[in-house]
Each structure stands twice: as structure tokens, then as C-alpha cells.
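Before we start, here is the structure in question, set down as C-alpha cells.
In this document, chain identifiers A, B, C and D correspond to the written order of the chains, with residue numbering beginning at 1 in each.
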Amino acid sequence: MSKIRVTVWGENVHEHEMPKVGEIYPKGMHGCIADGLLEDPAFDVKIATLDMPEHGLTDEVLEETDVITWWGHAAHHKVDDEIVNKVKRRVLEGMGLIVLHSGHYSKIFRSLMGTTCSLCWREADERERIWICNPGHPIVKGIESPYFEIPMEEMYGEPFGIPEPSETVMIGHFEGGNVFRSGCVFLRGNGRIFYFQPGHETYPIYHHETVKLILKNAAKYVAPHGTIWKDGAPMIPVESAPDPISAKH
Amino acid sequence: MSKIRVTVWGENVHEHEMPKVGEIYPKGMHGCIADGLLEDPAFDVKIATLDMPEHGLTDEVLEETDVITWWGHAAHHKVDDEIVNKVKRRVLEGMGLIVLHSGHYSKIFRSLMGTTCSLCWREADERERIWICNPGHPIVKGIESPYFEIPMEEMYGEPFGIPEPSETVMIGHFEGGNVFRSGCVFLRGNGRIFYFQPGHETYPIYHHETVKLILKNAAKYVAPHGTIWKDGAPMIPVESAPDPISAKH
Amino acid sequence: MSKIRVTVWGENVHEHEMPKVGEIYPKGMHGCIADGLLEDPAFDVKIATLDMPEHGLTDEVLEETDVITWWGHAAHHKVDDEIVNKVKRRVLEGMGLIVLHSGHYSKIFRSLMGTTCSLCWREADERERIWICNPGHPIVKGIESPYFEIPMEEMYGEPFGIPEPSETVMIGHFEGGNVFRSGCVFLRGNGRIFYFQPGHETYPIYHHETVKLILKNAAKYVAPHGTIWKDGAPMIPVESAPDPISAKH
Amino acid sequence: MSKIRVTVWGENVHEHEMPKVGEIYPKGMHGCIADGLLEDPAFDVKIATLDMPEHGLTDEVLEETDVITWWGHAAHHKVDDEIVNKVKRRVLEGMGLIVLHSGHYSKIFRSLMGTTCSLCWREADERERIWICNPGHPIVKGIESPYFEIPMEEMYGEPFGIPEPSETVMIGHFEGGNVFRSGCVFLRGNGRIFYFQPGHETYPIYHHETVKLILKNAAKYVAPHGTIWKDGAPMIPVESAPDPISAKH
């Protein structure tokens, strides 16, 4: 069976500007996410970052990507609209997309959702507890308990400005009291999208074993299972209509 | 009971450039749509067109609009992005939106759907027959038969590049054989959106009694029933958290 | 405007068998729910209970009901299947249904959902905090804060065995840590269904002002807005087909 | 990779009572469906029929089934409720289900949908044309054209009394004019359900190459991808709550 080709996209800004982030993620957050995936031989993994030409997302890279993961925060506005459109086109054709944490406000996620994708937030070293809504779902395969915990996380709380998901897989609860739809699946075009809330840059969340497991599961779940749908707006000639059309004039 | 305030937005281009369209719609397509709504005392109706300052959609107009109907075709690209964003913000806050025919490719619809909104098409004076999927739905109230016909219409066919609707209300079939999800409801943010396929500019479709009835019904259906949701991304101070947060360091 | 005719259905068992419940609800839980609705002149309210002939849900009562609320727990199995089928038929035709608390395991709710409707639970006088996912939704109209609290409630926790809702309106969190989709809207046939989790019999929850407000809002939201859909499986004669059918043999 | 274990369930009544059906399907409709699947080495196929003990669906068979296909028509009422409940339990746990043609009125489908599953119909040797709504969907993999035709089929028409599907994959159109949501995916519990309309007993529809292809694709699509979810209604002891619960009395 051929491997699932994942491109891990990282904004790669905090890692250089915030010493703490650089310490937790010496290879960048993207490097840590990539290493987690590479524990599973099912995956081929590439890295792409904002500072690369075309943000690392050339036509060739995108054509050869089955699943893209997206972490961004400080520089959403620096992502070129043309690149966003290319990624979006590929998702609608069938490429999987995993949007991580502050990626809720990325151009690519907002553009695919059509809504504000807003939420409320707080940075206070809160423990998060994430509950599973469907214990049999492929994305939570291997998690034996009804919930798992992240010792410290930024709070993300409802209302979360998303369209109703196709599948609500996880709901998070934060020490300060707030709740959040922390794991949601959406279908758009021929692509599957998974939004996963954990991952504030100042905590070692992508080193967390359960988070790593979920990313592996999710990459398999959103990987293309059909064929590519290159849709357009074709004019269908009258002579190609399956039924004859009567002249009206 | 206070009236539902509808703003009928029209591109108002074909009416001036294509004599046939001007003949069918001497007051513009928007004028005809507005007149249809005004048959029902439930509505207050304003008109706004592309050529007006701010396309007729000033902040004040939008604030005082409960439902907006949108017909555009030739000049989607001339609609200012800033105005589109304002309309979108209002829809997400709770304003109803009715997208008509070629409006499937308008910036506002594509932006709210997050998908291509593509379809296949053919101009061949085809009879369309529109079947009703839920005869009890408010949008088809008053239609006694299982389908209705439009004598000549542009063909719009599947695949239609939309997310799965919240409600599939009607499916159209065209003389040449194609089928299309001709009436679909979507929920986005706090707003309801109804896409309705009939309405090619060269046919007198907005004079059609059943089409007029559906537009009245739909305007009532998508009108705001809740309150305004002005969402944002508020930071919630630690001292406002309902539960105490323990210091971790 | 004519009134919305609500039938409040109550199992009416705990009230007689558990002194505490009788004390909290001297007129029965159904009586308290009915009184709450009657604070709003929009409603006409009837009561029906398990011990009445046909559980109070005669054909005549059902025909004259716009919205039914359902509270049951100890005696789900004593509800006659034929009555359940009648209620179900009416919901599919367009009658609104509000399912309360332990009604998650009622025949009517399970039958409409098609799933187990299971959940996990604990009786420990826990404080519940209910967060709102769409502050503009008609069902939460008038609630100004992002959450409200119920001082003591039975815990209901995920996984909740429901199909994905059409709208997730509220998420509850319990003192012991669990979370739950506490307010969900479903569309089935031509009817709207609202599941609302609060309401354990040993606490005065239907006296709670916010709970009362939500029940009023919900009854308006699920009330029929269209017409009745009496569906069946009609054979359509060949001569009634809109298009001629060619003889194949 | 282990094989997908499919159980093809057939009512096996028409085959014996209608000579024409026996001629088209000498091994039974189930035999033809099974043979089609067996063209693909991905599948292990078992047959089960109404007349077998426990309708061929013993606990052991169900435990060892990944996907069940269901064709029934004349004898829906003869299917034992207890067996239906077992099949339903397995679907909610994660087993895939493909419901064929007149199976729309089977106990298992109606019970999982929660709606009437009604439709209108006509037997008149009509050509059906089935259009594809998402050309990239795994279920239509290998179909190169925008539609395919079945020379003669019973007409099934809207309104189809189903909940809104998770994915509308195909829409059928019949010679006499009616349209129908002919291919729909639903998610219930941890299981995927595909309803596929073609398959009237008096036509050789399960010999049709495209129909056979779709059944193979669909069996792969609805096959379990996660783990089994054996849900229940566990009481969670106070001492197992992740957070301490304060005594209120």
C-alpha cells in the first residue's frame, strides 16, 4: 500500500521570536508534529513553512500532498491569498486538511468554513480535559479512557463560530470552566477537514502522546479515499444533452 | 407585528445591455422581485443595485435589513470586497440571505459556503420541472402539487459544488435531462441562507406565480428569529473565569 | 395571532412514589412545566399523563397540539407502542417535540433518533454549568450571559448516542468534570425536535428561571411553521406521469 | 490486509413466487449481489436469507460481519424484531449497512432513520438516469461519466421521507419525470449507512456493471474504519469523577 503523503505546514514565527517556544520545539513546532507522524510507517512527511518560497506550497508540493496540517497564529495575514486559494482548491478536490489550534483563524480555515471561526480565549496555564463523543471513531482509535488531559493549555471557549460539523468527535473542558468543541470533522467538496483545538505554542502539547496519536489517526481519516474532483463550470452543448430539447420559438 | 424589511439587491447590468431583458423587466429584475414581495403586506422592501454608492448597501441600510435577496451574474467581480464582507458579517449575525440563480457564483455565496459552488449549465430554452422534497416545508407553503414547471430556463446541473445543505427542499429537472438541487437551506453563524436556482435573465421567471410565492415564503423563513450575535474573539480575564485556576509555576 | 397549543406530557410516577419529588412539584413536574409556559400569553397549555386513558394523547388531543413536551423516566416501557407511533407520526407531519432530561431514553426520542441515545450518568448533587454555542439562537433569547448554572443536577455525560444534531445550541459541564451536549435541535420529517438535558426529578429545576425561559423559547422554535405533511407511499399512475413513458416490450 | 466480510441478506421470496424473478436471478437476487462483490478479492461474502434460522443472522454471523447489504420487499413484516434489533445494535457499534431499493421500507432502515422513509412509486418499465453529485466520492470511483442509465426500473420519487443525509451522492431521474435522492450516506452511532435506490426485482439490475461497481465501492466505504463502540448507560461512581464534588447538604 502506498504511503500517505503529509505536508506539515508551520508558521515558524514564535519559534524564533519567543525563546520558550524555541526551547520546547528546537526543530520548530512543525518539526515536532512531523516527527510524531513519522513514528508511523504509514506516512511520508514533508515540511513547509511561511518563510519558504511560496510558503513551501508550490504546485508540485500540493499535487503530491494527500494531507496537509496547518499551524499558524501570529502571521495569518502574511500568508499569500494566492497560496491559500491553491490549498483550498486542493482540499475541495479531495486533499485532507488538519487545522490546528490557532489555525482556527487562518485564512484557509475561515475560507473553507464561511463563518467567523471566532471563539473566546484566555492564557492562564489551564488544565484541559478532552472528552470523547464517539469512542469508536477512527480519530480516537487507541484511546481507552473516556477523556484525556493536557496539563497546561490556552483556554478556547464557546461560542465557536463554525457551521455545524459533520461529526463532533471531542469536547474540551478547561480548568477555568469553559467548554469547546475541540475535535470536529467537516466535509467540503471532496475533502475532509479536521479541526483539532490543542496546541498553544508555549506548552509542549505536540509532544503529548495522546495528541500525537490523534494526529496520526486524523491524518489517516482525512486522507483521500476517492478520486480527485476537479470541478469547474462546464457548458454542456445541446447535442450532448441526454434528452432532446424541443425548439421553443 | 413589525414588518420584515427586505433589501432586494440587483446587479442591474443585463437590464441595460440586453434589450430582451429590459423588455421582460422594465423596472429591472430587482424591481420585479420587489413587486412580487410587496404583494404581501408582511414586507417592507428596499432596492439596492451595483451602480449605487456602496452598491446601495451602506451600513445604515444593512443595519435596517432583515433579509437580503441577491441576483448577480455578469459583474460579480465588480462587487467590492469590503461590501461583501459587511453583508457576510450581517448574515452571520442573523440577517437572512436569499441567493438567486447565477448568484451561486457571487462573492457572498461562495464566501459563505467555502466551496466552489460550481455547476454545469446550458442555455437552450429548456423546460424545468421542480420537485418538492418536503411538502410541509414553510418555503413551499401554498404549493399544492408535487412539482411545478417553468416553461423556459437555463439548465443548471449537478455536480453542484456546495456543502451538504441543512435542508434539501427542492430538486429541479431540465428538459435536456440534467438534475439539480434547486432549493437548499444552509445555516451559517446565526443566519439562514436559501439558495434558489430559477431566474435566468432572458426569461420572465420572476413574474412566475409559484416563483413569487416561494420568494415570499423564503423571505419569511430566513428572516431573523433570534437576536443578533455580534461575535468576536474576546479575551476572558482570569478573574472572570467561573472556576478558580490554580497557579502552575 | 393564534396561540401555540402545547401539550405537556408527564410520566407522573416519581411525584407519587418519592415524597421529595411531590414536595418540589406539588402539581406534578408537568404542572410546573405547564405553569412556566403559561407565563407567556403565546401559549395554550394542556396536560397529559401516563395514567390517563391513552396516556392523555387521544387522536383529538394530538390533532390539536402544536408542540408536545416529554418528561419520562421510570416508566418508559409502560408507554403504549401505539401511542408512541401516533406521536411520532404527528412529529413527522410537523408537530414540534421537546424532549426533557431522562426522556433521552423514551420510546419516542429513541424511535425518532434511530440511535441508542445512551449516555453516562451520576447522581451526586452536582452543579451544572450550561454554555451557549450560538448566543443569537432563538432558543436562548433573553439569556445575556455566556452560561447559566443549575445548583444541583444529575450528571449526564458524553458519549451521548445521538446522530449529529442540526444545531448544537448548548453544552453542559458538571461539577465532577463531565461534559454533555445539553441542548440540541434535530429535524425529522417536517418536525423540529429539541432535546434539553436539565430536569432531574429530585431537584427544583423546572422552577429555575432560565430553564423556564428556554422552554418558552424552544416551544416557539419547534412550533410548526409550515403545513402538515401527511406522507404516504402513493402509487402514481402512468397517466399521471408528467412525461410520456415509452413501451419497452 | 484482511478482507472485508460482507453478509448479503436477501428476502428470497420473489425469486420463488415470481417466475420472471427466478429467471433473472437463478441464484436469487442475493446470489447475484454476492457474485458481484466476489469479483473483487477485497471481500469475503456470506449469504443470509429470511427463511434460514434466525434469518441467517445469528450472533456469530453478525459478530463476523463488517458490512451487511439488505434487500427486502414483500416480507418486511416477517423479519423478527429481535433480529432487527441485533442488526441495529451492530450498525451503531460500527458495522456498515447498505440498504437496497425496496429496503427503504425495511424495519432496519426505518428504525435507523426514525422517519417514514416513504416515497412515491410506479411500475412502468421506465428508464432511470442517475446523476452523480460528487464525482470524487469513493462510492462512485471508476464511473467516468456524469450519469449512468438503467434501461428499466421501478420509479421511486420524491418526497423521500428521510432525514437530511450526511452526503447526497446521487440523484436519479425517471423517464416519467420524477426525481429521487438515489444514493445517500447517513452516519448513525459509529456506523455508516448507504441507501441505494436501484434494484426492482423484475429487472436484471444487479447484473448491471455500474450498479455492481457502486456496490463494491460502497461496501468499502461503509466498512468499519474505527473500533467497536459498545455503548451503554454506565453509572459513573462519585469516586471516579475526575473532579471532586462538594457535598451540598
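Keep in mind that, in the parts below, a contact is a pair of C-beta atoms (placed from the backbone, for glycine too) under 8 Å apart; a residue touches a chain by one contact, two chains touch by 3 or more.
Every value quoted in this text rests on a predicted model; they were computed, and no experiment measured them.
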item	value
Remotest chain, chain C as reference, centres from CA atoms	A
Of A-C and C-D, whichever chain pair has more C-beta contact pairs	C-D
Centre distance in Å when chain A and chain C are each reduced to the mean of their C-alpha atoms	35
Inter-chain centre distance, chain A versus chain D - centres from mean C-alpha coordinates, in Å	32
Distance from chain D to chain C - Cα centre to Cα centre, in angstrom	30
Where chain A touches two or more other chains, by residue	120, 129, 134-135, 147, 157, 159, 164, 166-167, 177-178, 187, 189, 229, 231, 242
Overall pattern in which the protein chains touch one another (line/ring/star/complete/other)	complete
Touching residues (chain side chain C, partner chain D) in the complex	92, 105, 111-116, 118-122, 124-126, 151-152, 155, 157, 159, 161, 163-164, 166, 175-178, 186-189, 229, 231-238, 241-249
Chain B to chain D touching residues, read off their complex	120, 129, 131-135, 146-147, 157-160, 164-168, 171, 173, 177-179, 181
Complex interface listing, chain B residues touching chain C	1, 93-94, 129, 134-141, 147, 149, 166-167, 187, 189-190, 221, 225-229, 231, 242
